[in-house]
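Chains: A, B, C and D, in written order; residue numbering restarts at 1 for each.
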Amino acid sequence: MGGMKKLINDPADVVSEALRGLALAHPDHVRVDHENRIVYRKDAPRSGKVGLISGGGSGHEPMHGGFVGPGMLDAACAGEVFTSPVPDQMMAATKEVDAGAGVLHIVKNYTGDVMNFEMAAELAAAEAGTEVLSVVTDDDVAVQDSLYTAGRRGVGVTVLLEKIVGAAAEQGRSLQEVADLAKKVNGNGRSMGMALTSCTVPAAGKPTFELAENEMEVGIGIHGEPGRQRLPLAPAKDVAALLVDPVLQDLPYSQGDSVIAFVNGMGGTPLIELYLMYNEVRQLLDAAGITVARSLVGNYITSLEMAGCSVTLLKVDDDLVRLWDAPVNTPGLRWGA
Amino acid sequence: MGGMKKLINDPADVVSEALRGLALAHPDHVRVDHENRIVYRKDAPRSGKVGLISGGGSGHEPMHGGFVGPGMLDAACAGEVFTSPVPDQMMAATKEVDAGAGVLHIVKNYTGDVMNFEMAAELAAAEAGTEVLSVVTDDDVAVQDSLYTAGRRGVGVTVLLEKIVGAAAEQGRSLQEVADLAKKVNGNGRSMGMALTSCTVPAAGKPTFELAENEMEVGIGIHGEPGRQRLPLAPAKDVAALLVDPVLQDLPYSQGDSVIAFVNGMGGTPLIELYLMYNEVRQLLDAAGITVARSLVGNYITSLEMAGCSVTLLKVDDDLVRLWDAPVNTPGLRWGA
Amino acid sequence: MAVENFANWLRDLANTLHDNAAYLTELDSAIGDADHGSNMDRGFQAVVAVLDETSFDSVDELLKKAGMTLVSKVGGASGPLYGTFFLRFGTALAGAEVTAETVGEALKAGVGGILARGKAELGDKTMYDAWAPALTAYDEAVAGGSDLRGALVAAAEAAAKGRDETVPLVARKGRASYLGERSAGHQDPGATSTTLLLESAARTLG
Amino acid sequence: MAVENFANWLRDLANTLHDNAAYLTELDSAIGDADHGSNMDRGFQAVVAVLDETSFDSVDELLKKAGMTLVSKVGGASGPLYGTFFLRFGTALAGAEVTAETVGEALKAGVGGILARGKAELGDKTMYDAWAPALTAYDEAVAGGSDLRGALVAAAEAAAKGRDETVPLVARKGRASYLGERSAGHQDPGATSTTLLLESAARTLG
């Protein structure tokens, strides 16, 4: 395997074997269509409820398969590592979770994901008459937004969105309401990430990029792609500022705003460092007069074994906080149930 | 910082800054005595309930601070990274959580931990008259057990024990009953771990041991100490056998036994690999005729950013399964609440 | 021209992509996510599996099936893009005789599909930067009296030039766009696989 | 001998341990958890802080306070072990004149505390493997007419020899025991810090 240190067998089997493990570990939460690589909420379809589907390349665990269950997703389609799933998967999932109330596709803004989900939605509408709406998340402020480019990447806000919109769907809100809410959440959220190390795509067998011992990448996404800037390693305090400042400047958030603050690990960073980072982030938010209504700290949207973290801020009102607090029961996020 | 890639400020401040982050992230679960580095259940002491205290060196997050809350620990004492806490901490915690029903100390079997907890128990009994019992976990089959040595290390079973014994204390069982249960859990559990990479103690600034690109350490503990054997990297299937076989041989578990199967990440190993490992572990257990009653997969008892995993099997009966299923509400483990 | 020729092309292309998988992934590591090689390889191995199992009566059915297979097996950006290319390429050849002219029209239809899905423009540093000069060169060759092979050779040469010219560009589409200015100085993986596709066609068709 | 001398010893020892922190941690990396140097350094910096703040009337109070400070600040195995050593060392000197004989008895009491806590035996590859020969050499020197300094010099030399002899041993106590046979070939960190302690005493006491 030369240079790749992973607990895997054949690189070609990583995704399917991990899905088998997920299914075996969470029989109460999910059932898995191994043929199509779809993780279903065990009791899907839920009559009368809008079906929520997400998916994307693998390597971001627990996202999305770990977010399937009551109060969150109805199905998650798993692509190859860092490669969006194919339309057949989203089509099968869409048909399966459609319980008459329509289906929302939650798509992270990457060319491949958008195109594959689009094809699936077209085909599902044509074949089964299922009403499908889509929301595309694009919260990554590291990427300059423009009409002429692929636009921003969908990153951390996707996790918060799946939770909040999941609660709304559980309440019985309509497809249009759920889609509008999803757009609102995406519009209210911004993220920025950094890496201390690269990750290694199993099929590639070597790190996607090389970082010297005293360097870090700032402005990375979640696919091991290089970031916007390579900088000398810096103390956590400075790293926090490099992430929080551009986020605060972008929305912009203003003094007195209330947020969900999410410090996310990229997969190889232990909790002790994430809590330390959260402490730094909180100081910066306090200084900016931003109130933290809720927080989330942990490895939730990852890049394989990459070391590093991202910060996501989601501006919230009472409705969003109530939906955040509502029960959720998935392998990756669970409370009130 | 030369060679150390971490999201930290001054290495001397890692533990206290991480505790600040934990306190800020979980105001509903815990309050932290920063002076003494003790994480308390927010509503401790709970009148009439046996107080449960654990603690140890830091660097194993979420253990133990992340396991404080209803259904699990009343207090956790945080030492320096990989260094057991001092008696003053356990004494303060013991006095604080004593609600008249006595206090159980949950101690992992390391010379330092055992001695520091012992001194605290002596002092607490002498000073405040608190009745203290102790359980020492020693589930690591990598270490030859003997009367003439320090004995086995306490590793993965500690997590399961804190959950199960936490539920029993919540039910109002007496100190003696809770201590007996703790001993039963420890006696029924066995673990074995391996590492793909070393970790770096912040104050040391360089990796504790060096592993070549094509090597792994088998029989490691949770303090970045080298293991019993250095072997060539192997596929996940073979790694699973290296961990499961000695565990099964040691208890020994027999066909038809029911277990909680726990695949734990060492901190730098992402979920996708842990689920893949869990799949391998399950095949081996199926082949051995062992039934998996419950499972836990994730990074719960870690060694900083070390990559690798451990397998813990805990033989269970109906009482243990009921206690496992009982509600728990901590930063690190949560269900039914 | 027989169905057989097109099947040979696809087999040759599958071999070429397999041999170049590490190279394409290497290119994708620099400005993307290190999967273009395995994506193309996985897709075309699936196409070969279909060829081994099924016999096709017409060129358009063969090509459409190849396109559907790519859509179903590749994922990412390249799956829908190359999948749509083959779907439209095949559809355009339905009922038509295979000539330099009809293939030229079909190539244009296929690339139209790529544009419809990906909305790339010239200079965005995508596979379209190889396709666009290839189409022009193909048409010029046909206008100058070339046969199919000659036109494909011209197209492949132009594609290679377009591929090389992606190096200095700053990406505006696809993953490479996230790098902004840092994407300059690297060759686009998709323009590279497009060139391999046309070189294989020039070797095997006509 | 004055309280001042013992305070000077502790300050000298703190400096020595600070200078050797990386070395002790290095030794602990090989067969332990890479913290012995920072543990000792943290503990003795705290002792120095106490010395800076408080003035002590008697040697035993000074030493007991040092022991309590180590217990409260070090943690790990070395905290209770060295802490108990100083607690009992001090207690044994309470009310006594400081002579080669009384210090010898007190050292024995202190090491008795290490054994009571750690239950180590000779050859277990722990700090006791430095302490045991040191105590013997100390007694022999006193029996042979040495003064305090001479006895401490003899003890330090014997400790250094005991420390060196830990190298081939297979550990049976402490973290190094988890390595089994692999612990052989490495010098015990605690035996090393014990030797530094006695060398510092020989330099500053008597």
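In this section, a residue touches a chain if its C-beta (ideal position, glycine included) is under 8 Å from a C-beta of that chain, and two chains touch if they have at least 3 such contacts.
This one's a predicted model, so the numbers in the text were calculated from it and none came from an experiment.
Enquirer: How would the remaining chains group if chain A were removed from the picture, with no chain shifted?
Expert: Take away chain A: B, D | C.
Enquirer: Count of steps on the shortest touching-chain route from chain A to chain D?
Expert: Between chain A and chain D, the shortest chain-hopping route counts 2.
Enquirer: Measuring from the mean C-alpha position of chain A to the mean C-alpha position of chain B, what distance in angstrom results?
Expert: The computed centroid separation for chain A versus chain B comes out at 29 Å.
Enquirer: What whole-number Å value describes the gap between the mean CA coordinates of chain A and chain C?
Expert: Their C-alpha centroids are separated by 31 Å.
Enquirer: Quick one: chain B and chain C, Cα centre-to-centre, how many Å?
Expert: 54
Enquirer: Going by the touch rule set out above, what shape does the chain contact graph take here: line, ring, star, complete or other?
Expert: Contact pattern: an open line, chains touching in sequence.
Enquirer: Can you name every pair of chains that touch?
Expert: So, checking each combination of chains, I get A-B, A-C, B-D as the touching pairs.
Enquirer: Can you list the residues on chain D that touch chain B in the complex?
Expert: 25, 29-35, 37-39, 42, 71-81, 117-118, 121, 172-175, 177-180, 182
Enquirer: Taking the touch rule as given, give the residues of chain B at its contact with chain D in the complex, in rising order.
Expert: Residues of chain B touching chain D: 57, 79-88, 110-112, 115-116, 118-119, 140, 142-144, 146, 148-150, 153, 201, 203-204, 208-209, 221, 223-226, 228.
Enquirer: Report the residues of chain B in contact with chain A in the complex, numbered from low to high.
Expert: 1-3, 5-10, 14, 17-22, 24-25, 58-59, 61-62, 66, 196-197, 213-214, 216, 233, 235-237, 239, 267-280, 282, 292, 295, 297, 299, 302, 304-305, 307-309, 334-337
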